[in-house]
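You will see two complexes here that share chain A, one where it goes with chain B and one where it goes with chain C.
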Partner chain A sequence: MNFSIEREKLLKPLQQVVGVVERRQTLPVLSNVLMVVDGDTLALTGTDLEVELVARIGLEQSFSHAEITVPAKKLLDICKSLPEESQIQFILEDQKLLIKAGRSKFSLATLPANEFPNLEDAVGQVSFSMNQGYLKSVIDRTAFAMAQQDVRFYLNGMLFEVSTNLLRTVATDGHRLALCKAQIQCEVEKPFQSIVPRKGVLELAKLFSDVDADISIALSGNHIRVESADLRFTSKLIDGKFPDYERVLPKQGDKNVLADKTEMRQCFSRVAILSNEKYRGVRLRLESGNLTTVANNPEQEEAEESINVDYQGGELEIGFNVNYLLDVLNVIRSDTVKLQLADSNSSALVTDAEDDSASYVVMPMRL
Partner chain B sequence: MQRKIIHIDCDCFYAAVEMRDDPTLRHRPIAVGGDPGRRGVISTCNYEARQYGVRSAMASAYARRLCPQLIILPHRISYYREVSLQIMRILQQYTDRIEPLSLDEAFLDVTGQTHFQGSATRMAEAIRKQVRSQVGITVSAGVAPNKFLAKIASEWNKPDGLFVIRPDDVERFVPALPVEKLHGVGKVTAERLHRLGIHTCADIRAMDHFRFVEKVGSFGEYLYRLAHGQDERPVEARDERKSLSVEHTYERDLPDLDSCLRQIPALQDRLQQRLQRSQKDGVIKKAFVKIKFADFTSTTMECCVGEPSLPVYQSLCDEAFQRKGMSVRLLGVGVRFAERIHAPVTQYAFDFA
Partner chain C sequence: MLADINQILTPHPWQQKQWLDLQARLERGQLPHALMLRGTSGTGKAHFAVALAQRLLCEKPVAQAACGRCKPCLLIKAGSHPDLLLMEPEEAGKAIKVDQVRGVVEFVSRTAQFSGYRVAVICPAEAMNVNASNALLKSLEEPGSRTLLILVTHQVSGVLPTIRSRCQVVDFPVPPRSEALTWLQGSLGEDAGKAERLLNVAGGAPVAALALSQSDWIGERATVAQHWLGVLTGKRDPVRTAESWQGFPLLELVGWLLAWQVDLMKVAAGAPAQVVNQDLLGDFSAVQRQLNVDRLHGSYLHLQQVVRMLRGPGNPNPQLLLEEILLKWSQVRA
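Coming up: the complex of A and B.
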């Protein structure tokens, strides 16, 4: 291996790849990054066996094929610390990777490339392409509802459901559920479901956010692979059955409330201060044109605030974990939020009043 | 958010206080406890005594046999309480989230505290130094991202030591821990785990989550998390007291009911004093009398009452005594408090089935 590259061209892709490499690894080679030079392309790969990221970088000229793995974090630290616009030369010599730039020289330990695991090459059963920013937005609008370290392992991720010309993302922790729809170009015979693990979901939203570029997404029984011009991200899927989310979408809600989103969010966050720190319960009292929110804590302190809402109907009192409501209000984009309620023991359907592509279901609390 | 928990544990607290007040005791095996001639037990002993195998909760007479030159000093509980208060006041300078476990032990949550640029390690060092110079005894400290690891850490370099388990160390540190170190694993659970071939946290981690919980039962879920270095228990400053009692082990067994009844007024007096000192414990719900008979069996008699009076305790004592009708080693009287009314909170869950 003997090639050179500008620091600036290397830095960002290297940072992205190192981002998926776990700091503490059981297998030493997993804290390494795989470098492959092939013609005028350098490919960097990082993996934790659950997810894998490959970044491709164009080189100024063609170099002969070579591959090696080196400690990821150290390589990144070295490249970061070099002066801007340095030309960095990499030479493999006696199983050490020499890194030279200006008057600096480093010699890094290596492990052979053939010890580097690669996630099996998956055959895409369903594939489609979409805008990066669009994918990020459907993830961002649902990811907060994913479970975390739940024993029901299939909840610790996000459902990607592809039907003809439609992608649905669904996340739930058993108490609340978020669902978002995106238009895509895709023909499938029947809906195809994959559960992408939490880490993969968060990486996707982080890696692909360029609103001017497209990505292709391929789903197989075991993997999701997302590819842009210079990145290829693969994640294993959670092997399990996602719950039937249609079942929990409320249908009988007849009490419709329209409220100013910002006003409601500010009201909830103020009242939340005196809610029980553990349960975060608040009481919502609904009457014609008015919503009063009340919180109490074990110290017998109390907060209460009323806001004007668009509501005609009977009185209703219902309790919620205020964090669940705030999480939803934080991702609603227009100024008006719509709540559909039935009674104190039934779930609430929360939507953006001007956009029905996302729906949120929150189960109440008995306080 | 990454928490920073410090566990502070005084080194052989009672013995340390005694050695501080009488330096001639230093370097000699000493213990604080009951008189060996009167069936006393050892509360605390210094490290010199531990070399002879003396341990706390051991019968004083047996301890004396292990170490004939052992100096056994009587308790001075109210004095130790004063010293403890002095230490707690030092701790309060670092955070208000303190959970005292006993007179000589406390958890501190220093997450977000700004002393020493937020370095929990340096706060722990400063606490140790301050206690040494202002109180005159040594404390050991453990610093970790949660309570269970902080407690293990404080034991690590005991006495007069500090041990830090950084978040990055957790993965390296936890697997090697024997299961006995896990919070809540006593002899019985440990034996059960050993029978399953589980001796260290690494053994638990090697097991499938479901299988482990299935084998170990409901407690397994908690253990499984501990074995992965996870413990979300908060440092809780307010601990609700469920009961309050005083008891006494008599030098000579009380031979009959009358001699027991004669002891009740003195015990009730002490209970009243304790109750007055801690008024905030809430509404009294029950009164109880505890008896330990000469054959070491215990019995407790209780009744619902809002304001326990002497006749109530006397009649409880009568009833309790009749259960065995033999001479009595120990008598105790106490009250139980009504649980504070917390409205039952239920978060409804989806019915996915």
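Coming up: the complex of A and C.
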């Protein structure tokens, strides 16, 4: 291995790859980054056995094929600390990687590339492409509802369901559910479901957010692989069955409430201050044209606020975890929010009044 | 330690029957999702478990064993195969903690990196405490497809019944003496007498015998035995003896004492032929008349308690522990 590259070209991809590698690794080879030079490309690979990220960087000229792994964090620190616009040269000599730039010289320990558990190229069972910003938006609108370290391990992630020309993302923690639809170009015989683990979902939204670029997504029984021009991200899936979310969506809601989103959010966050710190319960009282929110806590303190809403119908009193409502209001984009309720024991369906691509279900609380 | 295994293993000669049986079940697609390898310590069960895991993960097995050349095999040798999890206590002889077991649960809930099996080996299963065992139950009941959990146990009574009932048991009896001797001589490359002595000490378990030959203080065994019998006959002071035993690894030492007491009980019951430590038979017979069998049994139960204590989370004072053992022991004299 003997090649050179500008610091600026290497730094950003290297940072992204190192971001995937976990600090606390039991296996030394996993805290390393795999460097493969092939022709005029340099590929950097990092993995924590759950997610893998490959960054491809174009080189000025063609070099002979070589591969090696070196400690990721140290390589990044070296490249970061070198002066701007320096030309960095990498030479492999006697199982040591020599790094030269200007008058600095470093020699890094290496491990052979065949000990690195990188993924082979796999064929996706379902593949399609979509805009990066679009994918990020469908993830952002649902990711908050994913469970964290739930014993029902299939909830600690996000369901990606692909049917013909439609991608659905669904997340739930058993108390609330978020569902979002995206238009894609794809032909499948029957809906294909994959549960992407929490870490993979968050990394996806972080890595791919360029609204001007497309990515291709491939799903197989074991992996999800997302590829842009210079990055390839792969995550393992959760091996389980996601709950049947269709059955959770309330159908019989006949009490429709339209409200101003900002006003409602501010009202909820003020009232939330005096709700029970653990259970976060608030009481919503609906009358014609008016919504009153009440919270009280074990110290007998009380908060109450009314807002005007567009509602015709009988009176209804229902309790909710206010954090769940606020989470939903934070991801709704238009100014008006729509609540669909049935009675005080049934879940609420919350949607954007101007956009029905995302729906949210929040279970009520008995207060 | 299992994690230090950096080569491709094949089962020991005396494990051929179990190996062929599992291979046949694998070929018929009838491999269960959880296996419990059961038998006395030192017969190579962990070795067998790792060999089986390697065979399952290999892409192109040769003659029913891992090939050692494909990518998965190379990763196994490097200790970085993503679909293989080897779980053992963080410190030898201590418990497997619930956090470690949660790692297994997460491992089982994720899809495999390669398109083959996911294999987790837990060794020894009785080292899991109650919380750890309970955390494993759900995964042990229904892991995903093409998943194998291999639990190795030296003492099945120490494993929760709810764990045991979720596994298919494969038994590993102590191998026939001739087979064990041949293997041990082959591994030691030394005279037959030494192999025979070691095998005696190890109770016929060949892998344990091999480990003994590498331990530094096997030479001290005769001295320890003389001291121990001296305490019984009143020729040695228990507290002083405890002090002189300070340097020995406690768990192994107590293991020896346990084995000797079992032998003494056999002598007392008139079955000297059954004695495992035949080299000490003369000494045992000599003290036989001075024994109170009831108190001998009491001391045996106490030693078992000590083993549990040493395996547990606590950190007992070795001097006090040894004194207690030896004081109890000195009272066994009738």
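Please note the rule applied: the second predicted complex is superposed on the first by the 365 of 367 C-alpha atoms of A that agree within 3 Å, B and C clash if a C-alpha of one lies under 4 Å from a C-alpha of the other, contacts with A are read in each partner's own complex, and residues count from 1 in each chain.
As a working rule, contacts are C-beta pairs under 8 Å (C-beta built on N, C-alpha and C of every residue); 3 or more make two chains touch, one makes a residue touch a chain.
Keep in mind it's a predicted model, so treat the numbers as computed, not measured.
Under the clash rule set out above, the superposition-derived model of chain A with chain B and chain C contains a clash between the two partners. Legend: residue contacts after superposition of the two complexes on their common chain; A:H175 is shown touching chain B, with no touch to chain C. By the document's definition of touching, of the two partners only chain C reaches A:G221; chain B does not. In the superposition on chain A, contact of A:L30 is made with chain C only, not with chain B.
Legend: residue contacts after superposition of the two complexes on their common chain; A:L119 is shown touching chain C, with no touch to chain B.
Contacts of A:N321 after superposition: chain B is touched, whereas chain C is not reached. In the superposed model, A:P243 lies in contact with chain B only, and not with chain C.
By the touch criterion defined above, A:P298 reaches chain B but does not reach chain C. In the superposition on chain A, A:V151 contacts both chain B and chain C. The clashing stretch of chain B relative to chain C, chosen from 204-212, 294-302 or 312-320, is 204-212 in the chain A superposition. Contacts of chain A with chain B, set against its contacts with chain C after fitting on chain A, overlap at residues 151.
By the touch criterion stated above, chain A contacts chain B in their complex at residues 23-24, 151, 172, 174-175, 177, 243-244, 247-248, 276, 279, 281, 298, 321, 345, 347, 361, 363-367. The touching residues of chain A, when paired with chain C in their complex, are 27, 29-30, 49-50, 111-112, 114-117, 119-120, 122, 151, 153-154, 197, 221-223, 236-240. Chain B contributes residues 168, 171-172, 209-210, 213, 221, 340, 342-352 to its touches with chain A in the complex.
Residue ranges on chain C touching chain A, taken from their complex, read 71, 74-75, 78-82, 105-106, 108-113, 115, 138, 144-145, 147.
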